[in-house]
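What follows is a set of structures for review.
What follows is chain A paired twice: with chain B in the first complex and chain C in the second.
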Partner chain A sequence: MAGAEIQRRLNWLVAVVVGVVEETPSVRSLTLSCPGWPGHRPGQHIDLRLTAPDGYQAQRSYSIATPSEGELVTITVERIFEGEVSPFLLDVVAPGDRLELRGPIGGYFVWDPGEGPPVFLAGGGSGVVPLMAMLRARISSGDGTPMHLLVSARSRDDIVYREELETLSHHDGVVVTLTLTRSRPEGWTGYDRRVDGAMLRDLVMSPDSGLVSYVCGPTGFTESVAGLLVALGHPPHRVLTERFGPTGG
Partner chain B sequence: MSFITRGFEGRRRSREPSGRIPPGQYATLDFPVLSAGPTPRISREEWRLTLADTTGAERSWSWEEFTALPVTDITVDIHCVTKWTKLDTTWGGVTLEDLLAGVELGEATVVLAHSYDGYTTNVPLADLSGGRAMVAHTYAGEPLEPEHGGPARLLVPHLYFWKSAKWVNRLEMLTHDRPGFWESYGYHNYGDPWREQRYSGD
Partner chain C sequence: MRHVDGNAMGGLLWEVFGAEMTHQLGCCAGCGAVNPLATLTVYRDAPGEVARCPACGTVSIVVVRMPHAIRVTIEGVRWLQIHTG
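After this line comes the complex of A and B, so read on.
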C-alpha cells in the first residue's frame, strides 16, 4: 500500500441540483452541476455540507456514482433510519437547490480505464455506488478490461440501478451477477443467498489472473467477502475495501 | 461563505453534550469499521511489536512480553474523519511512555506506525507523550477484536482516528517527517479534529 497523489487544497464549492432519480423506494440519485469541479476518478467520494438557519452545519460523505464528466457529479443516497441528512436529501431536496460540496476525496479505492488486470467488483446494498462509477467508466471509455460486478441486495426492488445493470450485463467483457438475500421473485434465475465461498469460487477468476477486487458495502458484507477472497488465495493487497453506510447518516 | 441550505434544520444537536462534538462530526452509538483492505488475522503467538530507533536499532516484544507491561485504562472520545464521533470509549493498553521507557529517542521527532496489512501513518512524537497515546489491546473490557485492530492498535484519540493504526506491528522513530498511507492520498498530515484538519490544506 503506497501512493502519492498531488496534494491540493479542497475548497468548498457551490453546486446546483440538476437531476433527481428515484432508484428504489429508499435510494435516490442526485446529479449536481458544480462550477469549478476539478474532475474525479471512479471510486472517489465527496463531502457534502448542509447549513441550518441558525448556522449549525452537518457534513456527510457520499460516493460518486458516475465517471468524471465536466462539472457534473452524481451521488446516490440511501435513506438511513432516523438519519439527519439522508432523509433531507431524499425528501426535501429538489432540482434548482444549491448544495455545498468539496472533493474529490480518496485515491486508493479507485479504478481507472487502461487495460489493466481483470476486475471483480462486489457491492452490498448501496455499496454498489462507487463500483457503478467504475463499471460506467469501463463502458463509456470503451476499455476492454474484463469486469465482473456482483451485487447483493435484499430483494429485486432493492437493487440500485437495476434496469441499467440488466442492460449492461450484455456488454462485451462485462458480467453482472445479482444475488437476492431475502426474497426470490417468481422466475428468478439468479442467486438467492448471501455471498459465500461457493458463490465466489463459481464467479471469480483465479488469483493467477492478477485479478483486482473492490468490495464495498456494510461492515458485515465487506468483512465477509474480503475474507473469503483472501481465503480463495487472492493476495490481500489486491483486495480493496470500502465500508459503506455508516450509521447515523 | 456558507449559505443556508433550503429546508435544512438539522436535529442531532439536542442529543449531544456540548463541547464534545468537533465541527462537522456527529455522535454515533455504533462502532463503525473502516479499513482499506481485508482484516488481517494475527494470532497472539505470531504477533510482535517492534520499535526501531533513529539509529535503526530495534527492540521488540512478544505478546506475552507486551501484555506484561503496565496496563493503563482510559476513557476517551474518538473522531473518525468520515464524520462519526463516538463518546466515552474505554480502552486498555500500554502508554507510549511505558513502551518507550529506556529507549534512546535521540533526534526523533516523528513516529511512523506500520501495520500488519502494510498500512502506515505518521504522528509527531510529542503527540504520543503525556499519556495521550497507547498501544491498546483491550476495548470495553474485552480483547480488541480483529475488525477494530486487534490484537493491538495504536490509539491517539486526540487526532482523527486514521492516525490510530489498526494491527500495529512496528513503530519507526524518524528525524524527518514522512507521510503515511492516507496522508499520501490527500488527507491532512496532522489531523486535529477540533481544527477540522481533514484534508491537506485544511
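After this line comes the complex of A and C, so read on.
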C-alpha cells in the first residue's frame, strides 16, 4: 500500500452524482460515481472543486463516509449558514450532475480493519463522517476490533445516520453512545451535555488497554475532547485528531 | 477556532511533494518536537496556507499559490522523515 501511495498521482477527476440521501434537515449524503477512482481507506477525504461560469473556483475537503466500494465515493455534507460551498451541495446538486474531485487524501487519520488495539471514536456534528467509514468498515469486514463511537449532536433530529447507528450498536464489540447537547426527546435517558471528563471516564477504556482514539469535528470540539483524553492519561500519539474548522452556531 | 490542521493540507502537500505527506514526521526547528504533519495547526488565508508547530507555534510550512507555481517555505522544519515502506 505504502509503495502504491507514493507512486499515485493526485489528479482531478470528474464524478457523477448517482445518489442523494437527506440525512437530517441540514445534512445530506451524496454518492458519486468516479471513473478512475483508486479506492480508499476509512478516514480519508476528498478535495472537491467547484468552478463558476466565470472561472472562479472554490475548493473544500469532505470526508468519505463509506468503506472502499469500487468507483463509488459517498460524502456527507452539513449546511454551513451563508457558506459558499455547502449550501450548493445541499440545495442545488442533483443526480446526474458532475463534480470535480481529487483523492483519496490522508495517511494519518485512517483506520484499517485488522484486529488491532481497541478503538474509541468521538465525533461532533459532521465529524462523525470519517468515523462512520471506520465503523462501517469494521462491521462489513467482520473484523473483531472493539469499537466505541461517541456522537455529540444538538438534538435527536440532528444525529447523522441515526437509524443506522441504532442498529449498529447491536453488533458484538460495537458500542454507540449519544449525547444531546441542546434538546432531548421526552423520556431521554442518555447523556444531555457536552462531552466532559466525567463522561469520558465513564465510557473510555483505560490507557493501558492500548486504546487508540480518533476525534473529529469542529475545531473547538476536537481540541477539547482530545485534551480531555490526554488528561485522562492517554498518550498524545494515540489520540488522533481531525479539525473541520470553526465551531458552528 | 478558525484554524484547521495538517489533514486539511493533505491535497496541497501532495501537490508540493508528489505524495501523501500527512502521516510523515517533521521536527520543529523551534522546539525540536517531532510530530506527523497532520497535527500541525493550519491557518488558511488565500492565497496561502500557514502551518505552525502545535507545541510552540513556530511557523513550520508556508505554501503560497501563484498563477503558475506554488511557493513553499519550510524554514521552520529541521527535518522531514519520509517513510519508504
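Following the convention adopted for this analysis, the second predicted complex is superposed on the first by the 238 of 249 C-alpha atoms of A that agree within 3 Å, B and C clash if a C-alpha of one lies under 4 Å from a C-alpha of the other, contacts with A are read in each partner's own complex, and residues count from 1 in each chain.
The rule is short, and it goes like this: contacts are C-beta pairs under 8 Å (C-beta built on N, C-alpha and C of every residue); 3 or more make two chains touch, one makes a residue touch a chain.
Computed from a predicted model, the values in this text were never measured in an experiment.
J.: Which holds for A:Asp143: it touches chain B only (first), chain C only (second), both, or neither?
T.: It touches nothing on chain B or chain C.
J.: Which partner does A:Glu71 reach: the first (chain B), the second (chain C), both, or neither?
T.: Once the two structures are laid over each other on A, A:Glu71 reaches no partner at all.
J.: Using the touch definition from the top, say if A:Leu10 reaches chain B (first), chain C (second), both or neither.
T.: both
J.: Could you tell me if A:Glu164 is touching chain B, chain C, both of them or neither one (first, second, both, neither)?
T.: neither
J.: For A:Thr241, using the defined touch cut-off, is the partner it touches chain B, chain C, both, or neither? Pick first, second, both or neither.
T.: both
J.: A:Gly106 in the overlay: touching chain B, chain C, both, or neither? Say first, second, both or neither.
T.: Both chain B and chain C are touched by A:Gly106.
J.: State whether A:Ala226 touches chain B only (first), chain C only (second), both chains, or neither.
T.: Only chain B; A:Ala226 stays clear of chain C.
J.: Going by the contact rule set out at the top, does A:Leu50 touch chain B (first), chain C (second), both, or neither?
T.: Only chain B is touched by A:Leu50; chain C is not.
J.: Which chain A residues contact chain B in one complex and chain C in the other?
T.: 2-3, 5, 9-10, 47, 61, 105-109, 219, 223, 240-243, 246-247
J.: So in the complex, which bits of chain B are touching chain A?
T.: 1-13, 23-24, 26-30, 32-40, 82-84, 117-120, 147, 181, 184-186, 198-202
J.: Looking at the complex, which residues from chain C come into contact with chain A?
T.: So the residues of chain C in touch with chain A come to 1-8, 10-11, 14-15, 18-24, 36-39, 83-85.
J.: Where on chain A is chain C touching in the complex?
T.: Going through chain A, the ones touching chain C are 2-3, 5-6, 9-10, 45, 47, 61, 102-103, 105-109, 218-220, 223, 240-247.
J.: Under the stated contact criterion, what part of chain A meets chain B in this complex?
T.: 1-5, 7-10, 12, 14, 47, 49-53, 56-61, 84, 88, 92-93, 97-100, 105-109, 219, 222-223, 226-227, 229-230, 236-237, 239-243, 246-249
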